[in-house]
Each structure stands twice: as structure tokens, then as C-alpha cells.
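Presented below are the structures under discussion, each in the form of C-alpha cells.
Below, chain A partners chain B and then partners chain C, in two separate complexes.
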Partner chain A sequence: MSAEATSPLVPAGPLAAARRFGLHRLRESRTLCIGLGIIVFWALVALLAPLIAPSDPNTQYMSAVGHALPSKTHWFGADQLRRDIFARIVWGARPVLVIAPLALISSYIIGVAAGMTAGYFGGWVDDVLSRAIDVLLSFPKIVLYVVLIASLGPSAFNIMLAVIFISSPGIARLVRGITLDLRTRDFVAAARTRGESALFIMLVEILPNARGPLIVDFCMRMGYTIIAIGVLGFLGLGLPPPNPDWGGMVREATPMLVVYPHMALFPAAAIVTLVMGFNLVADGLQEVADAS
Partner chain B sequence: MIAFVLRRLASAAFTMLVASFLVFVMVEASPGNVARKTLGQFATDEQVQILAERLQLSDPLPARYGRWLGVIMGLRSDPLQNPALGLNFTDPRGDRYFGNFGFSTMMKTPVADVIWTRLSHSATLAALAFLTFVPLAILLGTVAGLHAHRPLDRGLTTLSTVFASIPEFASAVILMSIFVVWLGWLPGTSPLQVGGRWSIASQYVLPVAVLTLYVTAYVSRFVRASMIEVMATPYIRTATLKGLSRPAIVLRHAFRNAMLTPFTVILLQINWLISGVVVTEVVFAYPGIGRFLLEAALFGDIAVIEAATLIAVFVAVTTQLLGDLGYMLLNPRIRLS
Partner chain C sequence: MPPEARAVLSVEELEIRYAAGKGDVVAIAGTSFSLKRGECFGLVGESGCGKSTIAMAIMRCLGKRGRISGGRILFDGQDLAGISAQELRAIRGRRIAIVYQDASTALNPTMTIGAQMREVRHGENGEVTSRERAVQMLRAVGLPDPEGAMRRFPHQLSGGQQQRVVIAMAFLAEPDLLILDEPTTALDVTVEAQIVDLLMHMRAVRGTTMLFISHNLGLVRRMCDRVGVMYAGQIVEQGLTEAILGAPRHPYTRGLLACIPRLDRGRAAYRLKSIAGRVPRLVDLPQTCTFIDRCAHAQASICGRPIAVERTPDGSDIRCNRWPQVPAEEAAYQSTSGGASFALNAPAPKGAAVLSLDQVSKTYAIGRLLGRPIASIRANEAVSFDLHAGETLGIVGESGCGKSTLARIIMGLEVPSGGRITLLGSDVTGQVTSRRTRDQIRNVQMVFQNPDTTLNPSHSVGFILDRAVKKLGSARTARERQAEVRRLLDLVRLPHDVLQMSAARLSGGQKQRIAVARAFAGRPSLVVADEPTSALDTSVKTAILELLLAAQKDSDTALIFISHDLSVVRYVADRVAVMYGGRIVEMGEAVQVFSPPFHPYCEALLSSVPGLDNPSPARPPLAGEVGAQALNGQGCAFAPRCPRVIEGHCRQTVPPLRRPAAGHEILCHHSVEDLRGGTFVPARNAS
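After this line comes the complex of A and B, so read on.
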């Protein structure tokens, strides 16, 4: 698989690109299909939120007083402030599906840059970077999230900053390991002999060959990040109210659990399914990679 | 080997030192913030300014970090405990002792009075979870690994993916709906108070279950992968060819070697357990150090945030060190080289 990507024998064109990324193997893994299905479902929900739930998710319905349970008018019932839970879940898909990928892509840019530099150059550069990574990874993640958000203040932007700060070191460590392995390969030696610059070798020779494990890692990290955003919301450090936030919805509903479990169960189910989608895709991709 | 141990110890100490600097920067980087949070929101700007001057908060960050570390290590007296400031931060231990984390503005007592009890509660919860998930993960991982790529393995792997997708607060809500709301078998909170309707033991069931669900799924994957790897080695083939029964092969030859990687994984992934403990404690109102940290973070209690974070990092670094050393002791190839 690794040799194929740089080989001139592979024909160009969209079909070949799809083949290289393993899209034609979709049918080989049911896990991958189910996972992708779930992600596409939630992405569509987030995109089409104004069509699916046209009313403002912060509307308080007087008609819901005393009728909190799921009904024909409020499919998932109403919450403690008589707001429609269905609409809040639909609109709540937006912040998660914007914050998590954006933050994670930024983390990847930083993590890949740091990890490749450390792995490719070695020496004192590697020592310094590896030490920094060790220190950052020695913190339990949730503890770091709590301290960071507590001092920065809860907002979408600060949550993204926290995700970047906390995810990049793990990505850097992974990329460093892959780079250490790949830089001893023949195609890297060939590029060096051709007189290519270090930057060119890292971006054109090493990075494309590292994509397999990185894509799997990205999907798993999406899962963790969505969990982390949910946990922050649940701890009261998430997106500021009243805008819908799944973790925050579970938090607000927990005291009412004895009377109305549905208020907490629906948003919890939303988080679980979305995370599961990404974990299934990661599993499926790994399965396909192992099989070939 | 002694050289390896010493080098590993030195690197752990270094990590701890840099981590403490990071904690200091995250919490105390802005000088005005420190004085304001110490005095509370009802202090006037003048009072805040006077305190900032007395504490020399405009000094460069490294100098302030040095003084701060000196107080914690018991090398300097805590400036906030100076009676001349009139803050009334009095500590029966004096103002200079090892582990002086300062004064909690939230609890109105020295941090050292509360934090160690909280830590021991968390340790109990973590230990109970550990005793539950380690055997369970090893059992499930081994069974899946021995049936690799067969329906039983696929079922277990899918199940572990499903459980690894459920964050603690979600599984807590689901379990509470079933066992507290619907069946009424268990209490929904675990404040560790005696005399109510629920015994202390019953208060531990749900928190331990929540932690176990999440971590078991994660660790059993490593056990499975490791088992598959070991079962493919030449010495297992030899054992099979010389006619040993399958249980004998698995128990005598495969198991010990397959446990090497998961052993480190379990200890190295202690950060997962600590993170999980924080959330679980908050869900069940359990009086541990994780909930203490969150309360302090929401309140703005600098001293407690710093103390709890430093202790969490210390626990993590120490367990990782033990994991490395244990791995070395268990694996002769590393021990002898």
C-alpha cells in the first residue's frame, strides 16, 4: 500500500484517487458502511436543521406546561424550560460538527508539523519536541480541559483552542513514530539523492505514505473530541446557554432524571450515536487495512 | 539496569517540574487575576491593587513561579498567610511546610485540610474500578483474541466499540434511569453519608459500574491485539505441534507473554481512569478530588485548582513510571540488555 501511492504506474484520475483511498472497498466492511451512514445522517441533520426543525430551538411553549413527555407536537418531549427537545437536538448537531472537525484539523496541522520535524531531523530538535510532548501528555485530558476552560472562560473559540492544545501532542507523537519508520525507506533516500529539500521530502514523500494510520487516528480522535465537548457541556464549562448544546442539555436534565428521564436520555443518545459513527468508521478502516 | 531506573526517575522528575510550570502559567499568568480571585468579587479595585503590589505580582513570570514552587515545597513562607495582610488565612501547620498548597477561598480552610481526604476517596473509587475492570478486560480480550476474526470476536469487538462510544456521563444517565428511576434498586448519588436509606456499599455500585464500562472496552482491545500477536508466534506453533492441549497452551505459554503489553497499557492509560473519575464524581456528587477540582474551577479557587491539578499529574507520572519499571521487570529481554 505504501509503495503504490508514489508509484508512477498508478493511473491518475478521480477513479484511481477513489481506489487509492479505499472507497471501492466500502462494500467489504459493513462496520465502515454503518459508521459512514451515521456520520452522513448527523451531517445532514446539522446542514438541514432549518428545514427539519423550522422553529427557534429556544422557543418556550406554554402548551408544554405539564406535558413534558414525548407527544405528537413535541416528538422528544419538552425540557425543564418547556423548550422542544427535538428542535434542540437537531440544532445542537451544528456546534459539535463545526467545532470538532475545525479544531481537529488545526490540531493535525500543528501535530503533523511538530511530529514530522522531530522524526525527520532527530537530534536536539527531536529531544526538545519529544520532551514537550511527554509533559503535555502527562496531564489527564479532562483535568487539562477543566483548568484551561476555567481560566480562558467558556466559549466556542476557547473550546477549540483547548482541543487544539490538548490533541496536538498525541498527534505529534504518532506522526513522529511513523516518520522515524518512513525516513529510512528507499524512496526517501532516492529523493535525497535527487537533491530534494527536507520540506519537499516531508510533504510529498513521507506525508502521503503516512495517511493510512492518520485517517484511522483522525476518526478515533473525532470520537474523543465529541466526547470531550459533551463532557465540558455536562460539567458546565461548555457553550454558554441558552443555545442548544448536547452535553449542556444532559447537565440541565440530570436533576429531573427521577421524574423525566427522557430529557437527559435523548441528548445523551445523540452524543453516543455520533461518537459511535466515528468509532465504527475507524474500526472499519482498520479492518479493511488489515485485510489487504 | 540501575542506570535505566535512574534515568527514568530523572525524566519523571523533569516532567513533573515542567508540568508544574505549565499549571502555574495556566492559572496565574495574568497578575490582576490572582489578587482579584484571592480577594473575591466584593473587594474594591484599590484593595486588589494593594494586594497585587504586596505579592509582587508584577515581577516576571519565572520569578513568581520560583516563589510559588518554594511555598509548595516548604522552602518559603506563604505570603498570603502574612497576618499583616489581614486576609485571616491562618493554618495550624504554620506558614512553611512541605505540601503547603495555600488557602482555599471556597472552603475557607487551608487546602491541606481538605485535599488529602478528597484524594483518598478518589483513590478508593479508582481502586474498586481497577479491581473490576482489569479481570473483566483480560477475560474478554483473551476470549476475543483466541477467536480472532470469528463471529464471537466480531461480536465482542463491536460491543467494545459501542461501549467505548458512550461517555461516562451518558452511561451514568442511562444506568441511573434503569437502576434508580425504573427499578429503584440503587441510589442516584454517592455522597458517602451514612444514616440515609442507602449503605455506603450500595453508593459505590453505579460509579464503579460507569467507570468499568468505559475503561473495560478500551483495555480489552489491547489484550485482544496482544493475544492475537502472541498466538501467531513460533513457540505457540511448537507447543501445538508437540501435542499440548489448547488450554495448556493458552494458560502456560500464551497468557503470560500476552499480558506484557496490556500491563503497561493499563498503567500508562491511568490518565483515562483519572479523567473518567473526574466526570463520574461530578455525576454522582461523590466527594473526591475530581469534583473538588471542578467546583474550584467554577468558583475560581486558585489554590485548589493548582493543588488538585498538581496531584493529578503527580499520580499520572508516578503510575507511568511504575508501568515502565514493571514492564522491565516482567520482560527479561529488556531487563538483561
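After this line comes the complex of A and C, so read on.
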């Protein structure tokens, strides 16, 4: 029979679209595929660092004296202290890919809690939280980073604290906006007339419907955070030496930029590709959400 | 051929396909019709039948995925499918104009009305519209203060006024063909009556050929000379409006008509019948009757092969192999099934009221300065009524009359500003839902209007129902809850396998069924249904109504049914309250409210409804719109629009409550005898 009955499995509504970020949808966006590929690549590099670059990234090679340029033994060349740049980039992927996600997940916990509370309850709760967010967002981010790290001292933990302090207000504002919209939906009214608690409504009724925009935002923020960590390293506020740190490597290479550009180029390229990976994923997810 | 006799628009065996994933979806499968000059042709059918697709194809706006895969669209003898972009520009908006459903998105919010009107080009050479001409046209469509409106932005006009502007723009181009795609669906009944009046007037004056697309058969009957009934991309029956809507032969047309509630009688006298199933999605040209799965008359041997269009004795075209037998079979079926002898809900022994409202009012502050409201809006004022178990109270009124605020107050989503609410004998005034006891919460539940937001799209149907049973039901163990969820699914006649489905994947009708099931999870004493069917298609609407009433009967629940649709309220309600400006202006048994004496507002509402039993209005439509005037709290809120206003009296003093009969109340300055002389007689065309 040619008249096929309409299947009840027809996707409907923009919220429904956001929910189906399943693996089978990867094919729909090449952007998403490329972005994910880059991220997976760097994750593998970080994970398999001992296999890819078995030597200690802080080893100084006497053989590299006068031979800093890329060669067969040192693929990316050697730096001003005659350390292997390839090994330092491979090992340098580890702190970035641990600090950035951990710090961001913590920021999300704080930001979502504050944003949902403000958006759901409104009134004076919203006034107080929103004004606090406005104050925090009014400082230039880079100044905040410098002030925080300079006063706390550079360490992986303190960088995480700074990221949390600086990212959560923006997340809170985003979540507040989404909550303001979602709380007017009838299913929220239905939950209230069913006698559900505010916590249940926020976590079970509202939050799952916000995940589409939040996942996209998370990927964008990963990019920003990786840049911020790089900038801190470049300003000398990154991981204390001699730990391999991409931003720090660029900083150390600047005096010799004219003679040996490769010393700055390779770590800079590492930062750029990883950030691009996250941005492409964010764009791709948006594409998939818009298409359906 | 003389130009007068030639068809303005002639659609011949049109076939439209949309690219969808691997294959195609056939949206239009061999549709033919033509419009003679000056004619108004109606296209009716449920959503998804291809009505709007045809309009879009005529405008050549099918988008990237759509294409005309067969047939022709001849406009003034020229095939629109084959013309160049340049030729198309000369036709679009100039020789063919279109009016969409939603005027607020049809107008550009960043441009003044004047600037948009002057963009319209007209005549052979595409002359720019002069200011004078634009003002003149705005005056012709009855916009108040046309000079001032030219300088205003769309958001400064009401919905009805916006639609008038869109219509004015359409007529500015002096088009040969005007396409109207559900032009009044988003409007209130009284405004709809104004717009329909305007369109009929413009057509009479200018002789414009019109293609009128609507799902509202009453409107089509009022406006159109001929009508085509669309189903699954085909016109299944077309002919003169009187013939098609008066004596339909196609089972689908008959089904559609059987879904429409009447104004002149209630549920006691007849039952609505819904059409089971849903419109099929065609992946190829149909080789059988498209209606075969939903048709009571279908016989596989006769209907399972390609269906040719045949001509009936009254000149209609019909696409049905069994049309000569259909009416007789239906009559026979009805006589065997016992006909229309349904008993009214037996008047329940009136014990204590489930809900009683006493002088409830609600005021909203607009803006605050140092904690004090600058101004306030009255949403509800002195609303009082009692509601008993098993009773259905219908609340009608246009948007902005305060009916939804009242629902929210009863539910505890809002706190009233004054008055008293008693629920099951205990005072709940000022108690929002979270302050109510578990028992009070269980006993008052709500069904919402919009099927797309009523269920959480992130949850599965199983989770939604289980949660409702957990919070509202008496079941304790997981097994008991499961049994209860299954009982609820049976109650709303859905298969059990929907439990695993995500709520986002259900159709509008299915979502609303789940919403009904959820509301009845705790066998509540009171359910408030706020426009539960107004976003649904005709055939689905009827099914939901029946379901709601069956569920109500099952647990002897009191029902508050809020709607702007008078005929639906007439069908479901035992008692009816008519609201205007936050007040109940008339209340009584359904029979009393729907027959004289009327409150002038109720009378105006009734004559605005383009029912099938009420094809032409008894009087000019009510002028103005709700909310166009500030409510000063004194005098009658309806006075500014009332055709029977007593100057110097109605606007100044609060009207008294008249009691024409036991249980019937009218809030009006006119005496009962005065009101009895109403001109609206609903049963005029019936019987």
C-alpha cells in the first residue's frame, strides 16, 4: 500500500531537537565531526603521553646545542634550554585537558545553581543574584585573572579557582535567561499544581530542557578557558617551571622569535588547534540543533 | 475566449513533492480546481492535508526541498511553474496577493505602517503607492484614525488592526487573485466576524477573486461560492458550497461535519463523532483511496484501487468509489445504533459545593515606584459561583476577559486580591499550591491549552504518568503504580507502548490525551480545563472532548471548561458563565444562556460565531476589541462596545443583577423584558 500511515515517531518542537545529540547524528554535520576528531586527537595525546614521548620532557639534550631547529631526533626542534619541544607539547596537553574541564564543570555547578535560583524564584532573590553577577561581569576578565593568580600564586589549583570565579557569573546569567523562559511553560505549572518542590521542578522539569544551549555554551567556554590558561602561561602566571606549559613555552621563546620562530610556533599551534576543536564542536552542535 | 469567462486561476493535476531524507513525501497528489473571475473558492480540511502547500505553490514559495513534480498552475493562462524570476516578481504581491494567518509576523516590526504600505506597487508599471492612496485604503478597511496609523509601528496596533493593515496592503496592489490563508484563525470571534465582514465588503466593492483557505467550515460557508475539501493532498469533494456543506456525499466531508458542535442544542440532543486515525503521509502517488483506513464505508475490493473523480447529480466532483451508497448506509447505521437519545447527566443531588468562589477579584500592578503600584489592571472582579460534584461549568469570553486568570487563581498558581475561595469545605484563599494540603492538591487538577508545552519534552510518557500517580494517586508500591498508569492509558484510549515514548514525539492529540490522563490520576474532585481543544484539529478535538467527559463521569469530577468557542461550551457544559472585562456578565444553565433573554455581549458573541447552523449574521458584528478601553471600575465594562448602551447611565453606574429565571443571572442595566427582545435566534436555520 502506498499510503503509509504517519509514524508517531515524528520529532516535534525545538526543545525536542536539542535533546537528540545522539551519535547517529554526527553524520549530519561535518563541522561537528572535524571538531570532535581534533578533541579526541588531543585527548589521546594527553592520555598516551608516556608512549608517544617516553623521555622526560624536562631532559636537556647536549646533542641539541647549536642544532635547535627541527630534526630527525627532535621533530619539533629544541628550546632555549635544549629540551625536546615535541615531548613538552605532548606532556603539556595533560594539564590543559585536566584543568580546563574540571574547572568548567565546577563553574557549571555553581553557575547553574545560581542562575536557576535567580530565574525560578525571581523577586528579590533574582535582584540580589543578578546584581552580584553584573558586578563580577563588569571587570575585564584578563585583569581579574592576573589579579587573582598574582595574589594566590601560580599553581594548577589556583588556576582552577580563578577559572571558576570568572566563568560562573556568565554561566549563571545564561541559565537564568533560559530558566525565565522555561518556567512559563505549562509543564512547570502542571508540576506546581501537582505539589512538586521547587528543587524537583528546577532539576527535573527545567534543567533537562536547557541542556541543548548549555552543551553548546560549554564547548565555547572550553575554548575560552584554554585560551585563558595559555594567556596566563604567557604572562608568567601559568604552571610554575619547569612543568611543560604551552603558554609558558611561547613566553620563553619570545626573545628568540626572530631567530627560532619554531620555538613559539609549535606550542601556539597546539593551543590554536585545541581551541578550534572545541569551537567547531560548538558550531556543529548548533547546526544539528538548527537543522532539526 | 472572452477574458471574463477565462479562469483567473486554474490548477491542473498538480503534484508537489518534498525531498525528505532518502525518498520524497508527496504533499499534493493530483489536485485540480479553477477560479472564475470574481469567485471565492474555499479550501478546507484538517492540518497536514496540503491546503497551505497549494497557496505556497501558487506563490512559488515551496522552499529548497519542495518542487512541483507534475501538473500545471495556470494564472491568467500563464503557467506559473515555468516562468522566470523576473516575470514572477511582476506577479507576486502585485497580481497575486496573500494574507497570512499571523499578521504580527507578516508585518515588519521595525517599519512604520505607512512605510510598509508605500512599498506595495500596483498597476502595469509597478507604480509606487502614494501616501494619499495608502491612507484611503486604511480608511476603506475600517482602521480607526488612518492618518495616525500611518506613523505607527505594528506593535502599537491590536491583532485585529494588524490584520486589517495586511488586508489593506493586499488590496493596495489591486490583485487579480487574493489568497487568504486562515486569515482569522488567530483572532477572537467578534474580531473574526469584523474581518470576515470586511473581506466580504471588499469583495463586493472590488470583485476580487479569492482563494480562501480555512479549517473553519462555518466561515467557509459564510464566504465562499464553491468549496473543495482536501484530504491527504487531494481534493476529495468539490462543488457549490451549499451542496458540499449542505448535503455532503464523501465520507470524509461527512465526518468533518459530524465533528462540529452546534449552537442550537446541547449534548442531550446529539453526539459528536470523531474520525479515528490520522492523515496518512504519502510517499508515492496513492494507488488506493487515501481515506480507506479511516472510512467506515470502505470495502477493500472497491476502495483498494485507484479512485477516479466522478460527477454527482448536483454537479459536484467526488473522489470516492462508493459515493452513491454512503448516505443511505450512514442513515441505516444511525438508526440501528439507537440514534440520538442520550440522557443528560442526571442532575446530581446537590450536596456541599466542591468549589465555591465568593466575590473573588484579582488586580495586577503595572510598574512600581518605591513599592507602590503606579497603576493597576483588573483581571477579575467580584466573581462568584458554586460548583458541585459531576457538574460542568463552561466559562466563555474573548481573550483578555480574565478567564485564564480565574483558572490560575482556582489552581493556586495566583493569589486573589480579594474575595474568598472555598475548596471542599475549607477556605484556601491566599494559599498558593505549595501551601495547600496533599488532599487539596490531589483534588484540583488542570488540563492546559497548548499540547506542545503541557508535557515536558525531555520526559517519557511513562515517567510523566508515574510521577502523577506517585504524587496524586493512592497507589503505594511500584506494582500498584504501574497498574494505575495502565488504567489511565486505557481511560484515554492509548496503547500501552506509548509509555516508553518521549513526550516530544507524540502528536498534538496524543499529548492532550496524556494531559487528560495526568489530570485524572488522583481521581480529583475538580478539573479545570483551560482551552483544552483550541489548538487541535476538528476531528481530534471531538475525541478529546468525549474523553474528558468520560473521565469526568468515571470519577464524578466537577469540571470547569474554559473556552472561547461557544459551540464547544454549548456541547459540554451544564452551566455556562460568560465573562467580559473580568466579570461574569451572564450565568445560568446552558439552555438558559443560549436562548433569550441574553446579555448584549452574549448575544453579540452568539451572532459572531460562523456556525454551520448560523451561516449569515443577524446583525453587523460587534465593533471594537477587548482591552481597547481602560476599565475604570465604575459602570459596565462592556458599555464602550455595547450596541444597546444607555448613554449617561451604563458607563457611570454598576449594572444590577437581573434574574430572569431560577439559576439564570444577567448583569445589565436593561430590564429582563428588554433583553428578551434579542434578535439572535440560534435555531433559525435548524429544524
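Convention: the second predicted complex is superposed on the first by the 272 of 292 C-alpha atoms of A that agree within 3 Å, B and C clash if a C-alpha of one lies under 4 Å from a C-alpha of the other, contacts with A are read in each partner's own complex, and residues count from 1 in each chain.
Here, a contact is a pair of C-beta atoms (placed from the backbone, for glycine too) under 8 Å apart; a residue touches a chain by one contact, two chains touch by 3 or more.
This structure is a prediction, so every number in the text was calculated from the model and none was measured.
Judged by the touch definition given at the top, the superposed model places A:D186 against chain C, while chain B stays out of reach. In the superposition on chain A, A:L280 makes contact with chain B only, not with chain C. Look at A:F234: by the touch rule set out above, it reaches chain B but stays clear of chain C.
The wider contact with chain A, measured as residues touched, comes from B rather than the other of chain B and chain C. Residues of chain C that touch chain A in their complex: 232, 277-288, 290, 292-293, 411-413, 433-434, 436, 438, 441, 444-446, 448-450, 452-459, 467-468, 471-472, 498, 501-502, 504-507, 510, 515, 518.
Only residues 31, 131, 134-143, 146-151, 223, 227, 230-231, 234-237, 247, 250-251, 254, 257-258, 261, 264-265, 268-269, 271-272, 275-276, 279-280, 283 of chain A touch chain B when the two sit together in their complex. Listed in rising order, the residues of chain B touching chain A in the complex are 11, 14-16, 18-19, 22-23, 26-27, 29, 33, 157-158, 161-162, 164-170, 173-174, 176-177, 180-181, 188, 271-272, 274-276, 278-279, 282-283, 290, 293-294, 297-298, 300, 305, 308-309, 312-313, 316-317, 320. Residues 1-6, 8-13, 15-16, 19, 185-187, 189-190, 192-197, 205, 208-209, 211 of chain A are the ones that touch chain C when the two sit in their complex.
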